[in-house]
Amino acid sequence: MSLASQNPSSLDLAYRVQSEAVAARFTKLHTRPVILQAEHLSCEFDSERGRVTALRDINVSIHRRELMCVIGPSGCGKSTFARVIAGLQPVSAGRILVDGQPVNGPGPDRGMVFQGYTLFPWLTLTQNVRFGLDMQGRSDGPADREARQWLDLVGLGKFHDSYPHQLSGGMKQRVAIARALAAGPKILLMDEPFGALDPSTRAQMQAHLLEIWRNVDITIVFITHDMDEAILLADRILVLKANPGEVQEFIEVPVPRPRRLDQFATPEFQAMRKHLDSLIHPAPSAGAPDHAPLPFIRLTQAGDDVE
Amino acid sequence: MPLFAVRREPPARYRWLLWVLAFALPLAMWSAISYVPWLWHPQVKITDAGSVAWIKPGLRLDRADFQAQVTKASSAGLVPPSGEPANPLYLPPPHAVGRALYGAFTTPPTLKGDLWLHESIVMSIKTIFLGFALSSFVALPLGLLCGSYPALSRMTEPFVDFVRYMPAPAFGALMVAIFGIHLEPKIGIVFLGTFFTQVLVTAGTVRRVDPALLEAAQTLGAKRGLLVRRVILPACLPDLYNDTRILIGCAWTYLVVAEVVGVSSGITFFINQQAKYRNFDNVYAAIMIIGLIGLATDQLLSFIGARLFGWKLTRRSRTRTFFAWLVAPAKANPSSIRV
Amino acid sequence: MRLPRLRSALLTFAAAGLAASVAFAAPLKVAYSDWPGWTAFAIAEQKGWFKDAGVDVDLLWFEYGPSMEAFTAGKVDAVMVTNGDGLVTGAGGAKNISILITDYSNGNDMIVAKPGIESMKDLKGKKVGIEVGFVEHLLLLKALESAGLSESDVEIVPTPTGQTPQVLASGQVDAIGAWQPNSGGALKAVPGSKAIFTSANVPGLIYDTVSVSPQSLAEHRAEWLKFVAVWDKIVAYLADPATRADGIKIMAAKAGVDAATYAEFLPGTKFLPLADGAKILASAAAGFGSVAGSSKIADDFNVKNGVYKVSQPVADYIDASLMAEAAAPKKAPAPKAEAKK
C-alpha cells in the first residue's frame, strides 16, 4: 500500500529499507483497527482567485494509535485535510469515517490544535482545559480535578489559575494540547501547531508530544511543512502534491522508535529526508522566477569583500 | 527619551501633565481670544452713544459699521459714539461662563414648584439612563443573536438599517400620543435614537470575534446556544462594553430633542430656553456641565472596564474574576470565585 | 389561601380607584408656553388663586409646538394657542373651543428690516425670511397690503422663526417676520435694523386664547368657569403699579430670564380684562375687531396657503359664554355666595 503511488522518477529507494524491528512494528500497526478513513475525498471551495480544488480523490486509512504526518508544498491542501476531518470544512465529494461513523460537522471525538493560539483569553488555564468537559455536562468537582491532571501532564500544573496572556507561546500550545485531550477525542488533529515557535522550544514540544502520545490512547494526524519534524514524529507520512491536492505517496518511516533528536544523523533518517526533499522540492525547471539569480551589480569597493 | 516620538508612549511621569494640558490649552486659547483685544474682537461694544439716536450703550456693532457711524457723526458735527473692542455675544469670556456656572448652582428657583439646576440635571440623567438602559436591554441580546446567526441578521438588519435613518425627533408627537407628556416620551426618544444603531454596532462587534476561537470551541463539542453563551459572548464582551461607552454619547445628543417633547424639563431645555433669550454665558455653562458629566461617566466606565476585563490587560482583578464567574454561572464553582 | 386574598386585594384596589375618580375629579391639565399673555398664568399658580377659586389646575410648561402636540394627542385638557393656530390644530383632528382670550398681539409680532429699509414700500423686490403658512406670514400679507403691495412684490425665504435673528444678521434676507423674543433678538443682532411693521398696526390680527377640548368643556364646565374667572385677577395684578413688578418677576422666572428683559415684551401684548375680552369673543362682526372675524381671515389664509384643505366652521371654535358669565360678577354671584356660607 505504501508503494501504491510511488514516484517513478525517484530512483533512490534506500528509504524503503526497514530494519526487522521497524518492519515488525508496521506489521503490528496494520493489524490494529482502522480508526480514520478517507474515501474518495474531494474538497473544493471559492476563493478570491476563483474556484480552488484543495483536495482531490484522497483515499487513506489510519489505524488506532498511529501517528501520521501530512506534508507537502504550500498550497497542497494539507491544512484543508485537517479541517475536513475536523468537520470545519464541508467536503465536495467522498466521505470521512471515524470509527466507521461518517463525519458530519465538528465534534468532540476529533480534537484539534491550531497553529494560531486559540485558548480562550477570558478563562484560566484550568477553565480552558475544562471547556470540553463542560460541554459534555460533566459536574464541577471531577471536571476540575481532571483538568488539573491534564495540566500536570503537560507540565503546567503550577499555572492552573493563570490566564493565557501570562504564558509563552510554547506553554500556550501545551495547554491547547491538554485542552483538546481533556475532551476525550479519538483523534487529535494538529495543524502546524509548532509552526510559530522558536527552534529550541519547538524541539522541546516535539519531545513532549511523543511523550504524551506514548502515554495516552490517541491517534494523531499532524500537519507540518517541516520534513525533519515529520520524520521525527511520524509512523507514516502522507505526502500531498499541490494544485490540486492529491496523494503523492504514503510512506512508512524507517527510523526506529523510540525516537530521539540525535537520530537526525542516522542513515534511515537521511535516506528518508533525501526522498522527501526530492518529492517536495523537485529539481527546478529552467527559468522559474524563484530560482533565477538576482541581477546584482556591484555596489561595494574593491577589497571590501566579505566572502 | 524624547517626549514626542512616533508611536512611542510618553514617560509615565508626563502623562498627568499631558492630561492637564489637554484642558489647559483650549482654555488658554479661549482666554486669549476673549481677553486680548487685538486677537479677534470683530465688534465694538458701545460705551457712550454720543449723539447717534439709535445707538445705546451695551450695543455691539461690527467694526466697519461702527467706523461708518463715527465718520457720519463727526462729519455732521455731532458727538461720535465710542466703544471698546468686543467679541460677538455668541462667545462669552471664560469668567462670565464661570460666573454663570457658579450662579446656576447657587441660585434657588424663583418659583414654587420649579427645580434647582442640580434637580434638572438629575432629571436629565434619569432620562438618559432609563432610555439607554432600556435600549441596551433589548439591543444587546438582539445584536448578539444577529451577530451570531447570519440568518437572523438578514431577517432583521435591513429593517433596522431603514429605521435607523429616520430622525428620532420626528417621532416626538407619536411618543407623546403613546406615553403622555412627562418623562416617558423623552425616554422613548432617547430609546429610538440609540436602539437601532446599538443593534447594528453590537452585531458588528459580535461578528469580529476571532473565528479561530469558534472553531476551537466547536472541536471541543460546543454547539449553537453554548457556542453563543460560552464563547461569542465572553469573547466580545470587552468590545461591547466599549461600544456601549461610545453610544452613551449618542444618547446625550438625543436628549436635546427629547427634553422639548412633552412638558419642558431638564438641562438641555435650559440650554434651548437661554439661547432663545441670548444668554450665552448660561448656555455655555450648561454645555460645560454636560461635558463634565460625559467626561466623568466615561472615565468611570473606563476604570470599571479595566477591572472587569483584566484578561485583556496584564493585570488581574477581583472584579473580573467575579465577572468571569457571572458569565459562566452554569455551575457554581468555588474555585473560580476564589482569587 | 393566596388566590382569594389576591383577588380581594385587587377588588379593594379597583374600588378605591373608582371611588377616588368619582370623589376627586382629576385636575384640569392646561398646557402653556412662553408668550406673555400665557406666561401670566404662572402668577395665578404661584399666588394659589386657582385653589382659592376652588378649581384644581395643573399648569404644564411646554415649548409652543410640543404643547399643540400634547393637546392633539389628548394628553392635556386645554392648550394656549393663537386663534389661527387653534383652527390649524382643529383641522388636524383635535377639535378645540376657545373659552378665553387673554390678549392680542400689540407689537410683539414684527417685520424687522435691515438698515436702509425704512418702510414697507422699500421692501418691494426684496427678500423676506418668514415661516410660511403661519401667523407671521399673515402679518406680512397685511403689511404689504397696507403699503399697496402684494405677495408677488417680495421674495419669500422660508425661515424657522427661531432662526430669524441669525438669518437676518447673515445678510441672506433683507427683512424677517417674527414674534418676541425672536423679533427683539433680530433687532439686537442687526444694529440699525428697524421694525417697519408690527402687530400694533393691525390689532386683532392675532388673538391669544385658552382652547379646551369639547369633552372636557362639556364634563367640567363649572370648573372651567372658575378657571376663566381667575384671569381678571391676573390682569389686575399686572395693571396695578404696586404689584406689576412682582407679576413680571414671576413671569420672567418662568421664562428663565431676568425681569428687566422680560418687561420689554409686555407693551407688545395687549392684555384683555374679561369684560373687554368677552365682547371681542362674542362678537360676530367681520374684521379684526372680533375673534370670529379675525379667525375667518386666518381661515381663508390657511386654506389659500394649503395649511389645511377644508375651510373650518369658525363659530364652532368659540364659546363666549364662560367669559360673559365670569365678567358679570355683580349680577350672578348670589348662589355662589350663599353656597360659601
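Order of writing sets the chain letters: A, B and C. Residues in each chain are counted from 1.
Keep this in mind: contacts are C-beta pairs under 8 Å (C-beta built on N, C-alpha and C of every residue); 3 or more make two chains touch, one makes a residue touch a chain.
For clarity, every value in this text was computed on a predicted model and none was experimentally measured.
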Chain separated most widely from subunit A, comparing mean CA positions: C
Central chain (by mean CA position): B
Between subunit A and subunit C, centroid-to-centroid distance (C-alpha), Å: 84
Intercentroid distance (Cα basis), subunit C paired with subunit B, Å: 35
Separation of subunit A from subunit B, taking each centre as the mean of its C-alpha atoms, in whole Å: 53
Where subunit B touches two or more other chains, by residue: none
List of subunit B residues in touch with subunit C within their complex: 54-55, 59-62, 65, 109-114, 172-173, 176-177, 180-181, 260-264, 270, 272-274, 276-279
Residue ranges of subunit A touching subunit B (in the complex, touch as defined): 86-88, 105-108, 110-112, 114, 116, 118, 120-124, 126-127, 131-132, 134-136, 139-140, 144, 163-166, 176, 179-180, 183, 189
Complex contacts: residues of subunit B adjacent to subunit A: 210, 212-213, 215-222, 226, 230-231, 234-235, 237, 309-312, 314, 316, 324, 327-328, 330-333, 335-336
Subunit B partner contacts - residues on subunit C that touch it in the complex: 31, 34, 42, 45-46, 60-63, 66, 69-70, 72-76, 162, 181-182, 185, 188, 191-192, 249-250, 253-257, 261
